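Across the two complexes that follow, chain A remains constant while its partner is chain B and subsequently chain C.
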Partner chain A sequence: MAPKNKNPNGENVVPEVQQKKTQALILKSSDGEEFSISKSAAGLSVAIKNMMEDDCAGGVIPLPLVDGGTLARVITYLNKHAEDGASDEDKRKFDEEFLSGMEVDVLCDVALAGNYLDIRGLFHDVCQRIVNGMKNKSVEWVRKTFRIESDFTAEEEEQIKKEYAWAWEGVDSDAD
Partner chain B sequence: MEKSSDFVVDTYLMDLPNCHLNRRPRFRAPPLQNVACQQHGTFQYQSLETGELQEQEAGANASGGLDRLSALPDIICQHILSFLPATDARRTAFVSRRWRYMWCACDSFMFDEREFHGRPPPLLQWHHSRQNFIRFVDEALEFRKTYFNDLSIEKFKVSMRFVEEVSPCLEKWIAFALERNSEELRHTWHESN
Partner chain C sequence: MGNSGELLAPWPEDIIREILHRLPVKSLVRFSSINNSWRKLLLSNQSFVYSHLKHATNNNVNRLTCVLIYSDCYPDNLPTFLQSEDDLAHHNLGRRDILVKLKNTALHTPLHLRQDFLVVGCCNGIICLYRKGLFPWNPALRECRALPTWAD
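What follows is the complex of A and B.
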């Protein structure tokens, strides 16, 4: 069973259980948190796997683009997917729950990390999740959901609405 | 480019200074040692409109809210949009300037007549809708050629019922895909409903 690094208070947690396990790597987040992870779980990230194969994964691997909170999430995901007994059905269920609780901001962070660490399955699922907030939704809805601020001038906005009337038709109602 | 009542090529966009993106590498994670995004929580991206490198404080926009999505690198935004049906992807163009051309830089172009505008059209409007669909595909390709001509497309798929009107476009569409090294080219005809 691979280690789980829960870090709700943002404190540095280096699990000691893992000390005796030789098959472990330490991943270091941008804000200096260290996480231990089994090699088999870490290997699900193509980027880390390449580093291990090139033999430059000795000691601590710094991941300057991933913050601690995000890394903890990614590691939870990797651990589940590297778990020996987990069936595909289990994993699918886990993925569903794993992503469904995430806020938009967190999804974006995880997408960035998934791409950076080259974890295809995770990246794919997160993108799919983000897209769900756009499918058949109005322009205003998308702006609100993702807190995107329109930087079109009022005239431009008006012109767009006139020329692309279809984009405002047939979408789901904005009412919650 | 002709004007139609439903889809009009965005003429005022055409006046913008040359839009240009660096050739995008095939989708793959950046090497770990290459810390392209700064460590202080800022992202660099190339503005689609001015072509200038811009730096954006991670997520901070004028209103003080956090727009993390727009702060993601272009390549990720484009990948996200490639999961959307064509009309939904196209709709994101009207969200803000940052998203204006994102939809047409995607690594996959997929059009399905049955998902056009989210649902199949009412029976009597098939003909009208089909013409719009053909025009929609044509326009998307025009945009792509104008702004991102040098980007390759991994997947190009048009799914529709075969009708006479489409034959002149077919050759054009297939040529478009071949020119861009599309790895997967698929044209599906579905039976009459």
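What follows is the complex of A and C.
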């Protein structure tokens, strides 16, 4: 078996893992902000990993669907998850704090970016966070938050409410 | 949402879909009064109902298809969880041995069902009960219907 740090010609090479750690690439947001990120962190996004493999690695990777503020948040997440020596428990605690301060519209932007960049863990965690915040909310809260207009008459709405009265038990106050 | 043909919200569909699949049935029933698109999707779109169930059974550790049955013939009248035919075999019970006293279960049951029923079987969260006729019962939606008998 060939030694790990020699190429087939017997020349010394930097091991691939180390190369990935040290190399950086630039991600460019929709509003033109540029962020430097290590390849190991960026590779946690399946979409960026594919772009790197398609030889975009030399230059800047444009991400036209992610704005700068959201990209900064995503990069913070990726850096933590690529950190050497970060245990699963560390990451779990980080995720909890990372998401707990976000309003629902910010969560949605991050979920969209997580979906687009194919970072499954982030996407699922953010969606679950939105669900936890939403499941006990009123119909009015959901309409307001998701900017949805009702097309029911007051009578129709009252009829549904009457038919399934139990589904309205234990709803949070909108002020929460 | 692909199957409804109408926009549910001015939000990306992937996210709305992911969120709706994760919400409990109680929330979905309440949110069916948001507007007509939500109502159609949440209460009458079969493929949504199927994918919600699939998502719930794949991802929820509590296994929503699990049913709590209080049985007279089970030792000490302890409530027991039944999920499949295998569970019946495990408890050394035949289907017809199981007498369900719904009034003693923690499940919400329609008032007219608060009497003894035989469990014919269960599938996808729907329990089929028998008492002088067949009654498919959906505990999550708290709905129970009588199937027409041969005589009808």
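Here is the rule we use: the second predicted complex is superposed on the first by the 128 of 176 C-alpha atoms of A that agree within 3 Å, B and C clash if a C-alpha of one lies under 4 Å from a C-alpha of the other, contacts with A are read in each partner's own complex, and residues count from 1 in each chain.
The definition used in the following text is that a contact is a pair of C-beta atoms (placed from the backbone, for glycine too) under 8 Å apart; a residue touches a chain by one contact, two chains touch by 3 or more.
Just so you know, these numbers come straight off a predicted model, no measurement behind them.
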Determine, under the contact definition given at the top, whether A:R147 touches first (chain B), second (chain C), both, or neither.
both
So in the superposed three-chain picture, is A:Q128 touching just chain B, just chain C, both, or none of them (first/second/both/neither)?
both
What is the contact status of A:I160 with respect to chain B (first) and chain C (second): first, second, both, or neither?
both
Based on the superposed arrangement, let me know which partner A:N136 touches: chain B (first), chain C (second), both, or neither?
both
Quick one: is A:L63 in contact with chain B, with chain C, with both, or with neither? Answer first, second, both or neither.
first
Between chain B (first) and chain C (second), which does A:M51 come into contact with in this model arrangement: first, second, both, or neither?
first
Give me the intersection of chain A's contacts with chain B and its contacts with chain C, in residue numbers.
108, 111-112, 115, 123, 127-128, 130-131, 134-136, 139, 142-143, 146-152, 160, 164, 166-167, 171
In the complex of these two chains, what residues of chain A are touching chain C?
108, 111-112, 115, 123-124, 127-128, 130-131, 134-136, 138-139, 142-143, 146-152, 157, 160-161, 164, 166-168, 171
Which residues of chain A touch chain B in the complex?
30, 46-48, 51, 61, 63-65, 104-105, 108-109, 111-112, 115-118, 123, 127-128, 130-131, 134-137, 139, 142-143, 146-152, 156, 159-160, 163-164, 166-167, 169-171
Would you pull the chain C residues touching chain A in the complex into a rising list?
8-12, 14-16, 18-19, 22-24, 26-27, 29-36, 38-39, 108, 142
Please give the residue numbers of chain B that touch chain A in the complex, ascending.
6-8, 10, 12, 28-32, 35, 37, 39, 59, 61-63, 65-73, 75-76, 79-81, 83-85, 87-88, 90-92, 94-99, 117-119
